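Per-chain residue numbering starts at 1, and chain names A, B, C and D are given in the order in which the chains are listed.
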Amino acid sequence: MGKQLHHIDVQNQKDFRKIPINKVGVKGLEYPITVLDKANGVQHTSAIVNLFVDLPHEFKGTHMSRFIEVFNKHRKDLSMPHFLTMLKEVRTALHAETAYADIHFPYFIEKEAPVSHQKSIMRYECAFQGMVNTNKHNFIVSISIPVQTVCPCSKAISKYGAHNQRGIVTVSLHLGPFFWIEDIIGLVESCASSAVFTLLKRSDEKFVTETAYENPRFVEDLVREVYLKLEALKQFPEFTVEAENFESIHNHSAFAMVHYQAHKE
Amino acid sequence: MGKQLHHIDVQNQKDFRKIPINKVGVKGLEYPITVLDKANGVQHTSAIVNLFVDLPHEFKGTHMSRFIEVFNKHRKDLSMPHFLTMLKEVRTALHAETAYADIHFPYFIEKEAPVSHQKSIMRYECAFQGMVNTNKHNFIVSISIPVQTVCPCSKAISKYGAHNQRGIVTVSLHLGPFFWIEDIIGLVESCASSAVFTLLKRSDEKFVTETAYENPRFVEDLVREVYLKLEALKQFPEFTVEAENFESIHNHSAFAMVHYQAHKE
Amino acid sequence: MGKQLHHIDVQNQKDFRKIPINKVGVKGLEYPITVLDKANGVQHTSAIVNLFVDLPHEFKGTHMSRFIEVFNKHRKDLSMPHFLTMLKEVRTALHAETAYADIHFPYFIEKEAPVSHQKSIMRYECAFQGMVNTNKHNFIVSISIPVQTVCPCSKAISKYGAHNQRGIVTVSLHLGPFFWIEDIIGLVESCASSAVFTLLKRSDEKFVTETAYENPRFVEDLVREVYLKLEALKQFPEFTVEAENFESIHNHSAFAMVHYQAHKE
Amino acid sequence: MGKQLHHIDVQNQKDFRKIPINKVGVKGLEYPITVLDKANGVQHTSAIVNLFVDLPHEFKGTHMSRFIEVFNKHRKDLSMPHFLTMLKEVRTALHAETAYADIHFPYFIEKEAPVSHQKSIMRYECAFQGMVNTNKHNFIVSISIPVQTVCPCSKAISKYGAHNQRGIVTVSLHLGPFFWIEDIIGLVESCASSAVFTLLKRSDEKFVTETAYENPRFVEDLVREVYLKLEALKQFPEFTVEAENFESIHNHSAFAMVHYQAHKE
């Protein structure tokens, strides 16, 4: 008898509480994935994955294993062009109106030191976030870029020196046509006091120190500069830029955020 | 000469990029605070604090130290009724249109075991999130309540036993009149398979195990039950209920969310 | 019948695997505690608590609820002098040879800005770690102090400026006579390029920037300077000093550690 | 003149404080690495990396960039057999007596559900930790394996049901001959109430629930069972086994640890 028990489909039972559920699914799944890489074709990395659908009021539960089945099938191609394809299949497999996914993954890029040209690898935290329903979809790519910032106020008021620190700029871009993560990283680094690097020889350290001192930036400057350059691309209908400075003179952060939307009326 | 340098107010300089900043301020500040406590009058705890304002396009920077000055002044009374008072003062001190604050803090409550009645203390993560501008304000209180959930499917299909796990229910409540955090915690715990406790003797463990087995709940059930009880209070114009189960049979979570808004048309 | 079931003491049953357990207990308990405060007498904060005992090979399990009972009783006085008292009671209550405890808590101190003398509060992460058995005991106090460091190499090789960053110095002190956490924090801050502050007005920012630039420190310098000052106190039979710099030019940290033991032969 | 400044080697300057530094180097570096994979030959993953050396008292500082140069060169083969090769090269490149490394990385394995045999991927957190000096070296491999545990006490005292939860078993193995991470994972899972899985269909969930209920385990049982099986391999001169249960009836963990050393006298 026990053998037959697993044919009971509790999730499919009727629910009488008349409350549709906005999102239900799996959260915090860690999975190896493959994404596109400008220099190497593809990159193997791993993601933290959240997958949700909506659930009509008349069903008691969703079928959690199907999320995994679909994601497992697509994990070897989670490039931007295929991410929504995966998500559409989640929607179909779960018989849902709307499907949601967000994945967070480290993305690695080989980078040259500015003077010695020695190569090493930098890590950038990325995220894809999507929604698909019958009529529409959206897709947001987020990239977090560590940078150095020198404080303009500290430089202006001090006889010598200026406090500086590592900061993180996070851009969240509504697509728009395909773009390379590498290009956005370059754009953001050009707006900071200096880029940061994994490997710097002495000649590089001198260059980075002097360049940063010559280009002081508040978090306010940073988000405005990135805003201007992203807007000039005319490629993203909507985006946000956030900057967080891990202040070297405080034990907390300075933070700024700007939001852009094309043709706001 | 150096002595006079600090009179330069770089932040107050004119900015020509024509980009207003949505949010700028301090993030990740950790501060001791005092909040209201139903049983003891007040509770001393500590918070992670984010404070932001908007910045018109014509100013180069905000004045970060003023956020700290205002918060420091109000830290000994950050009860719900005074949280927006603090935030209004941030808005004034920074000459801003809009001010934003969110604080996250552990809140501790003494709780009795269900059979032995032995007392111990449980920790609940809370957050206050507010916005104030010229015409309007809003204030959201979030409370995260750990609970136990027994899986209805596992119970139905298995000869004996049923997988169960710790879960976290997070309710985010738009105020509305003042309420006690303690009462919401009780409401949420009554919707789970069982409450969880810091101290359980054997008689309590038996009670909790049997009660939970008699009350199996999916994450879907959990958010719907909490929704029904919160709606019945007719006290909150808007709220969300999230449930996350740290599944004992998986290495990831099951998740569900419902959103309520009064008079949705 | 079910009513009697909870008299079964499974933990007390005999175990035949002949494997004594080194540590068993509760981990990750979050609890409000009270510690001593130099300025205010006592300070209310909250701790993450781990409590363990050893378990002889012949017992199947320990009694987890007793750890909570003892800790709950002592939570209102977890000053250094009473921490081992609490731990001795854990040892007795669990009938163990050896008991271990470590608690981690934020400790808050009001601090004046260096020029404006404006007051605000700084947070320091602390830990107490103890062991008690029949013949001996030990007790280690750890304090983590955020500081600013200016890089001596960057300063020496650059035309102007010097990269600097927030760092954290963690000292772990074997007691020894009672001491004030406040005094150790002052000692460590005096070894850095500059202390860090929660609230700085412009005159303070100028002072901190210039002071830091005049006092460049590698992580190596930092741990050596703290070592010298701690050794000079002749108060601690053993200690370690760790420094971690959140490098402003890299996306990783620089780290150094020294260990001192009196009369090493 | 500025051009020549970077020939100043501050780190190489003489230090007069007479304090040798135990460990100095880079911490928190995140890097893509390649390790061995039993099923697929190699696996691409990414690690958090710490690399240290000791520094004699007469030198002011170490050369941080060399750590990166060496690690970057070896990142494509960080299999167990080559990890100490990399570390020996760190020691040589830094002219140090002793070099230390620890790396932490997720390791992914395809796993079949127990009844449906559907395949999905599980993540296991691993670490390599090594030390190399003139005369000796050591190498420890740690693997964290999520499992399910059913509480024997709860089962014994309750009319029906039993609380269960996800737990994590961490084994730290001193090498010893080469071994496959996959084999240790299998060994540990066989000691738990049940393994956990990423993808379970209803027939699998029934199987896992019933198997777990038939095999209740305290954290104490878990570490003892793993100890017995690891000892029986006669392969590791020293190891520790830790188990942490994320209790479903509490908001904290139960924890146990055993340590084995061959030929303890």
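In this text, a residue touches a chain if its C-beta (ideal position, glycine included) is under 8 Å from a C-beta of that chain, and two chains touch if they have at least 3 such contacts.
Just so we're clear, the structure is a prediction, and the values are computed from it rather than from any experiment.
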item: Contact-richer chain pair (by C-beta pairs counted) among B-C and C-D; value: C-D
item: Candidate from A-C, A-D or C-D with the same interface as A-B, over half of contact pairs in common; value: C-D
item: Intercentroid distance (Cα basis), subunit D paired with subunit B, Å; value: 34
item: Subunit B and subunit C, separation of their C-alpha mean positions in angstrom; value: 28
item: Centroid spacing, where centroids are CA-atom means, of subunit C and subunit D in whole angstrom; value: 24
item: Contacts with two or more other chains, residues of subunit D listed in rising order; value: 2, 5-6, 29-30, 123, 153, 157-159, 198, 200, 202, 205-206, 210, 251-252
item: Touch list for subunit D against partner subunit B, complex; value: 122-123, 146, 148, 150-151, 153-154, 157-166, 194, 196-198, 200, 202, 205-206, 208-210, 212-213, 246-252
item: In the complex with subunit A, residue positions of subunit B that touch it; value: 2, 5-6, 8, 10-11, 15, 17, 19-30, 50, 52, 55, 60-62, 64, 152-153, 156-159, 218-221, 223-224, 227-228, 244, 251-259
item: Interfacial residue positions of subunit A with respect to subunit D in the complex; value: 2, 5-7, 9, 29-32, 44-46, 65, 68-69, 72, 75, 106, 108, 118-121, 123, 198-203, 205-206, 210
